[in-house]
Structures are given as C-alpha cells and as structure tokens.
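Labels for the chains are A, B, C and D, by order of writing; each one numbers its residues from 1.
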Amino acid sequence: MPEERIVALLHGKDRAGIVARVSGWIYARGGNILHADQHRDRFEGIFFQRVEWIPAGPIEEEMRLFKDFAERDVGMEAKLFRSRQRHKIALMVSKAEHCFSDIVLRCRSGELKCDISAVISNHDDLRPLARLFGLPFETVPISKENKPEAESRELEIIKESGAELVVMARYMQILSENFLERAAVPVINIHHSFLPAFAGANPYQQAYERGVKIIGATAHYATKDLDEGPIIAQMVAPVSHRNNVEEMKRRGQELERQALANAVRWHIEGRILTYKNKTVIFD
Amino acid sequence: MPEERIVALLHGKDRAGIVARVSGWIYARGGNILHADQHRDRFEGIFFQRVEWIPAGPIEEEMRLFKDFAERDVGMEAKLFRSRQRHKIALMVSKAEHCFSDIVLRCRSGELKCDISAVISNHDDLRPLARLFGLPFETVPISKENKPEAESRELEIIKESGAELVVMARYMQILSENFLERAAVPVINIHHSFLPAFAGANPYQQAYERGVKIIGATAHYATKDLDEGPIIAQMVAPVSHRNNVEEMKRRGQELERQALANAVRWHIEGRILTYKNKTVIFD
Amino acid sequence: MPEERIVALLHGKDRAGIVARVSGWIYARGGNILHADQHRDRFEGIFFQRVEWIPAGPIEEEMRLFKDFAERDVGMEAKLFRSRQRHKIALMVSKAEHCFSDIVLRCRSGELKCDISAVISNHDDLRPLARLFGLPFETVPISKENKPEAESRELEIIKESGAELVVMARYMQILSENFLERAAVPVINIHHSFLPAFAGANPYQQAYERGVKIIGATAHYATKDLDEGPIIAQMVAPVSHRNNVEEMKRRGQELERQALANAVRWHIEGRILTYKNKTVIFD
Amino acid sequence: MPEERIVALLHGKDRAGIVARVSGWIYARGGNILHADQHRDRFEGIFFQRVEWIPAGPIEEEMRLFKDFAERDVGMEAKLFRSRQRHKIALMVSKAEHCFSDIVLRCRSGELKCDISAVISNHDDLRPLARLFGLPFETVPISKENKPEAESRELEIIKESGAELVVMARYMQILSENFLERAAVPVINIHHSFLPAFAGANPYQQAYERGVKIIGATAHYATKDLDEGPIIAQMVAPVSHRNNVEEMKRRGQELERQALANAVRWHIEGRILTYKNKTVIFD
C-alpha cells in the first residue's frame, strides 16, 4: 500500500514567487512532492496550484501547518485532502439507469473512491436496481405544487447521509436556487449535449432537428442558472443523417457515462478549481 | 484511367420500390452500378439516393434517358454529374490565409477536382499569396455604405468566372439575402465553432469565456439566416484551461481547414442532398 | 411496438444486377424495405448486402422463400434473422469485472437484445457479482495440465446453455483451435490494444514501454491464431508521458467496454459479414 | 510585442527539492515565471522540467548564469532557448507534396517560427512547387550503389544551410546510421501508420489487408532502427470496409500533416525531452 499523501488545492491573487515558496516550504519540512501543477490566468491575475506530496511528519499536523502557511503567508485560499479519504456521495436519479449503474459499478470496483450514502429519485423505476446493488433508495415525488417540500425532504436525506457531493445522474428536475444554497455541498450534473449548444429540454431532439454532425455530453457544476454552471468535462461523438433520435440517445449515453464519471473522479481527487464560472482541471 | 461514371442524386416522395426500379433500369440498359446508397426520412416521408454507375451506351445519352426516367417515371428530382467533370469554384477570403492556401493546394495536388476561377477579397492582404499561386485576385472593399454596389461587383466577378460554387474561405463579411439569391450557385461557408454553439462574431473568444472543453468548426451552406444554414461537416478538438484564445484559434484552424475541405469535396463529388435545413451526406 | 422485420445478410460472387433482383423480389411480394446497404470488394469480386424489410406475408414463410430465392436464383449465401429475436450468449470471464458488468447491464437495460445463458470463469472472483445479477456462474479452473478437460467442460456448459454466441469479456486464457472448432458458434474477444500493435500479453505494459501517444482496444472474432482474427471494432484514446501503466489500464477499460459492446450489438443485429479475415460492418 | 522569454529544458537524476531550488533561483533574481511543468519517471528515477520566464537582467547573461546553476548546483542537463529565436530547418522530400507544402505554409504564415534553409529530394517532382515558394531545392538521386556518396552530398547541403533540424516530410529513403551520426542535428520523420503497427513499407496497404478500423500517422525522431525511434506525436482516424487503399491514403495524409506539424512545433518550442527511446512532451 502506498504511503498516504496530502493533496492541496490553492488559488488566489497571482504574484511572483508562489511556486518557489510553496515548494520551498514542503522541501524544508522534508516532504516529497509527487505532483505539482499550476496555472495562471494572466488576464484575471489569478494563480492556481495543485500539489501532492508525502509528508515527513504526522499527516494531520502537516496539513494544518501547510494550510496556515498557504493562507497566512502566501495569501492563497487552500483546500486540503488526504489521498486515502473516501468520499460520501448522494445520487439523484429519475428513470434512466445508464449513469446510475455506471457510477455504482465504478464505486464497487474501486475506480471511484466513493461510498454512495443515498439514492434519491422522483420515480420508483430504479428502486429494484438500487436494491440489487444494496443501496438505500428514497422516492421523493415532485410536482409544481410540492416542489419546496420535496426539495426540503431531499435536503434532509442528503444531510442525514453525510454526503459531501451530490451527483445528478440524469435527474430530470431543475434544482431551485434555494436547494443549491441550502445543500452546502457541490452538485455535479450531466447534460446530454455539448453545452452551450442545446441547453434546456430534449437536447437530442434539438440536435436531430438542427442536423448537427456531432453530439455530446457535458458534466458541470449545477448553479442557479440552468445548464450555465462551470463546465467540468465534455465528450463528443460523430453522427450522421442515418442516426435518428433514438440512435443519438444511445450513442449519447456512452458520452454521458464517461463525462459524468470523469467529473466525479476529478472532483473527489481534488483536481478541480472553479472561478468566474470556469474550471481549472489538474488532470 | 478508369472509365467515366455517371453520378445521380435523387430525392422525392418516398414510396415502395424505388430502389428496385432505379437499379432495374440501370441493369436493363447494361450499366454497371459501382455504388448505391439510399436514405429514407421516415418521419418526413422523403427518399434520397446516390447511385454511381458505368453506362454501357454513350454517356450523355444515358444521362438524358436516366434523368427522364427518374423524373417522369419515378417522380424524383434528379441531379446528374459525370465523374470526370472539373468544377469551377470562386473563393471569397479576407485576411486569414489558412483555409485559402489549404483549398488552393488541394486543387493543385488533384485531391479536389476543381479549378479556382476567381479569388475575391475585401482586403489586399492575400494578394501576394494569390499571385504566388498564379490565381486571379480581385479586391472589393466593402463597408456599410457601399455594400450593395460591392456585392454587385462580387456577383459580376463570380458570374464572369463561370464558378459553379462559391467557397467562403474565412470571408469575414455577411452575405446579404439579395446576394445569395442572385448568386444562383451554392455558397459554402466555414464557421469557427461547433454550431449552433457560438454563432456570430468571435466564437473562440466566446468559447474561452464560457470555459468549454471542446472547440470546433462547422462547414455549412450559407443561407440568409447567418450561421443557420444546413450543416455539412463538423470537426472538434479538446481544449483545456491552459489554452488561451490564441491557442484555441491555432487549434481551430486545423479544424476549419479540414471541415471546409471535406465540405467542398463532398459537394463537387455529388454527395450532398439538402432538405429541411439539413444535409444527407453520402460519403 | 413496431412491426417485425426480416434481416438478410447476403454475400457471394459479385455480378451485375444483384441489387435490382433482390429489391425487385421484395417489392414484387409487397415487402417494404427499410434499410438496404451493400458493398463490393472489387479486387476480390465479392458482393455483400444487408437488407431489412417488413414482409407483407407470414414472416416465416417469407424468410423461407427469400432464402431459396437468394441462394438458388442469385447464388448468394444467405443468413436470415427476425428483428425481435432474442439471442442467448455465454460470457467467459476471469478476474476483471469492467467488461462483464458492462455487458450484463446493457442486456438488463434492453440495449442489447440478449439473454445471458451462462457465465464461465477460470476464477471465483466474479461469482458474487454474477450472483448479484442473478446469473448462473460456473468456475472451470484451467491449467496447462487440465486444459483439454477444462475446455471440454466449458463447451458442455456453452452447449447446455443454448448460447449462439460466446463473448470473452476479458477471459485471460487462450482458447485452443479444438475448442473453437467444437464450439460451433462464433466467439468474440476483446484485446486491450489497437491490434496489430501489442498483440500477446500485457499490452498496456508494452505500450508504456514503447512510449506511444495513443492506446486502444480491439474487439475481434477469435480464431486459432491468437489476436489475429477478423477485427470488428476498435477504439482509441490519447495518452501522454504523464500516464503510467495503471492510468493507461483505467483509460483502456473505457475503450474495451465500448469496443466489446459495439461488437456484440453489431453481431446480434446481423450487421457483420466476415471474409478473408476481415469484416464488413453494416452499421 | 511581448517581452522575450527564456525557455529551459532540464533533466537528470531525480532528488528532493529540485522544483523549489529552480523556482527559488529564478525568483531570487527577479525573474517572472510564466510556465513551469515537470515530470518524474518514478521507476527510472529521472526528473524532467520545462520552465519559461521573463528575466529581470540581460537575457544572455541570465541564460549563462542559469545554465551554470542548473548544471553545477542542481546536477541537471540543461538546454536553453530564447523565445524569439528563429530555427533553420532542412526538409527532405520525395514525390508526395502534402507534408512539404503544409510545413512550408506554416512557416510562411508564422505559425512555425522556422526558416527553411534547404529542400533536398531524391526526385525532381517537387522542384516546381519549391520554386513557387522561393525555396532552394537540391535533387540528390539515390540508389543502392551511390548511397554513401548521395548521403555525403545531402549532409553537405544540410551543413551549409545551417539547419538545426532535419524534417523528413515523406522522404521515402532510409537514412543510414552513418548519416544520422554525422548529421549531428535531430531528424524528425513521419511514418504513415500508428506505430508500432505497420512499420516498414506500404503501411496503408498493410492496414487494408489486416482490416483495421483505425488508421494513423506517427511523427518520431529518426534513429538507426527504422520506425523505432522515440514517438513524438500520433494521430488517428476511423476507417471502414468502404475505404479502399486510395481513400485510406487520402485520409492518412491529413493525419500525417498534423502529426508532423505538431512534432516540428514542439521541437522548436523546446517542449520535447527524450529518454529511453521515449519522449516527454511539455505541451
């Protein structure tokens, strides 16, 4: 078993010498840097860094000291993780099973270091599959009328489950601004088009009607503006006049699975920083 | 040298037995079908076919007879080509040279069976390159004020050149509805995004600001509605937060070159049928 | 529910008029052709066709008549399917679960019109997962010494299960020539490289050592010559110096899943013809 | 015009603190690091870094001091470039023009910061095109008998031209080990397959016969072992049974152009380090 590593994600106002100071600090304390990647947005004057190292001292202590150093001395916002940490995630689903079972199997096989602490759906369709996988499944029917109460119930389930991330695995409801604020954890959604093309409902139908030669899928953080959140991952595939809407959907599902799985993996591995409605992905 | 072939593009109201009748007719007259490809839009009830064959009789006579048969007996609209035919094309360019030189070199090398009969630009920048290639080059400066006269001059050049196709190789002006009607030949444009995303001006800047992970290029027939014409070819490539607008442009130029070259080749080889603002590509 | 269709796969010596005669026959009997696709290998003089139609008469009768016509009158070899037919398949697996669970879930969701009639493994590792999915699972340990008996046992299981297709979903044993002959059903294998590169064992290790910038996966029919059978589907993805063997494996698994799923789908939908160790795929 | 930058490429035995020391040195001398990227081969224990910065002092002086520091104090091998430097390259061609004209036009347009100081061919076919572009062109016919003398003549031309890089733009001769040693500059070759598949002659023919569903192109440094040198860039595209060898060639040419152009650009921008017959590409 490899030694446990610290992963730090930093960002803040760009200035000279940040890389030198961060790597110098770790080096001085006997840490062994395995990966270090940084990015500057020159136009915005923002600096981003992901650094992963094996500490020489006790891991929690080193994390505390580094966070202090990064925030106080270097003026960066800092998020820190332990590499062996497992993440609790809540899945929100509707009727489509392809993204749901894909995420579940990647967790089972160890590819995603996640535990699924809750599955929430507005329909009962996936309950048997969830039972098969031994997962808790809660149906919360949702309608125009009961939306506030339904969302409150969903938030309750998420909180009780201890989830640090909500994954909308083709959950076909719009989350309200209020929900997103109260959730207090990030929410990743998968949209079945190469955004910003074909935002909104029925993107494959829209794509078919427009006659595009490429279809896609987009994983993004959910924000109050529907389909407008920071894009994490996009996948595309060619189509032709021979492909009807059904075939586009089938091909699109491959893209949705992969874009969503990549987004979740990058998120839990501490590879994503967001700013100005964009993402920096240290993959 | 291979024998000359007839290429027929048919489309019309779908009904039973079209394939049987078309192939039966050619077979009965001793023709040897090399390729036959068809498509049905079941929802719209339209039939499309491309068939390519070596006739047993004199080629012009066979073409005339087949056209009669297809239109009168089968009720299809029919366009016919001879496979050895060379096509005259007019290029419209502005300052960017990558699509211009790409098309020119593909014509020179024989990959595109085209002769460039005119190059029209609203700027002088590409004149030296056109001279290098031995091509006629006409500068037609264009402004809000002189647009109608400028377009009339452009149309004059196109007509005199005998061009059967106009290729906008990064021509950075919007052609008026009047121009498109009077041109009376198809116009292919290359847009530097994966339409319908980022229509309009500065698509790479738009893509950068939205933070997409995929950029693209779209070749389409120009119509009066800007960036809304039938899509012929789309190419995409991945980008990341590391790629600034300049780098996106550089990568995008590869996509533009290829999407435009494919569109022109398919057009002159009689592989494209358009309907309902979409294309059927028999590639 | 759509009407049931007949799918015919034809191939044989190329001659003039085959398309006309086949489509003419179906038309004359009141059939409605939905798809027809053909291919000629001019060099070899072989004709290939896939045609799919709704018959006017009783389906079994029409199939019998068409087969007679195609074989006797047109001189083609003909395979016929009913579009609603479900296919029984046997899966052979070892320890890796990604292809196994992928195929199972695609069958469950209806994407693949297959029933899994047997799962055979040389290890016990996937037994719990098979049980979860409610699938029969037989462990047949295999070694140099017991190979003939082990293969006989495997063949027994396959025969009893009624499988019409064997899918090696990362089964890490070489099937003997004797096995392949006696199986009497097609066998599809997934190899974890873009064949013919990196045939044999440990292809990701080989790829890493050679420093390639692309990895891939290849689904092919198994033949007596290892990794030399007709290629059905290939998928590729970029890699860089940053990707170690483990990461290559992870990325490669996505490709393996998709290439294998495509190969199985095309096979059961009657879209594949093989000749001269190559495939014609009517997708 | 942006300020001139120093680009340093370092590699050597991995040890703790290299990043800290390199960035610390530049920071201490008032330099402004724009990009820094590093890689460790943990198995081999080698460290690689590319760092690009705007120096505060006179550029030549800073380069000299940094090289001293990197080599003496950090124990790295160091190559340094100035970002505005233009590179002289010699092109070797045969009859195919697509890679030749592609490289020429990318140099003309400024995309590649290169001057073509010599064009050498074993045939006269591309002389008119070279003349069109205003390039010096030398024909050196080559045969089994005159190979040593012919190669000596080629080396003479390369040396006189001052080329720092030789680009084999579809030069269809094998360079001898003796040539490669005496050339004393790197040689980049483009092979028309996704190596290691289909090394040697006629790769498209080989690919066609094997029935692959993917074709490719590989740019690599030429070494004495034919088609075995370190791979720099690979591009792939799908093909099907419909594509004959000619069509594969046409599609492959797109890939060759792009793989070769990327390889040349990365080389002259100091983005490539080679070791153990592999490349690290800091793109």
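By our rule, contacts are C-beta pairs under 8 Å (C-beta built on N, C-alpha and C of every residue); 3 or more make two chains touch, one makes a residue touch a chain.
Remember, predicted model here, so these are calculated numbers, not experimental data.
Between chain A and chain C, the least number of touching-chain steps is 1. Distance from chain B peaks, on a Cα-centroid basis, for A.
With centres defined as mean CA coordinates, chain D is found 38 Å away from chain A.
Chain centres here are Cα means. That of chain C falls 41 Å from that of chain D. Multi-chain contact residues of chain C (touching two or more other chains): none found.
Within the complex, the chain A residues that touch chain D are 16-17, 19-20, 23-24, 26-27, 32-34, 36-38, 40. By the touch criterion stated above, chain D contacts chain B in their complex at residues 97-98, 101, 105, 109, 111, 132-133, 250, 254, 258. Chain A contributes residues 39, 41-42, 194-198, 210-214, 216, 230-234, 236, 240-242, 276-281 to its touches with chain B in the complex.
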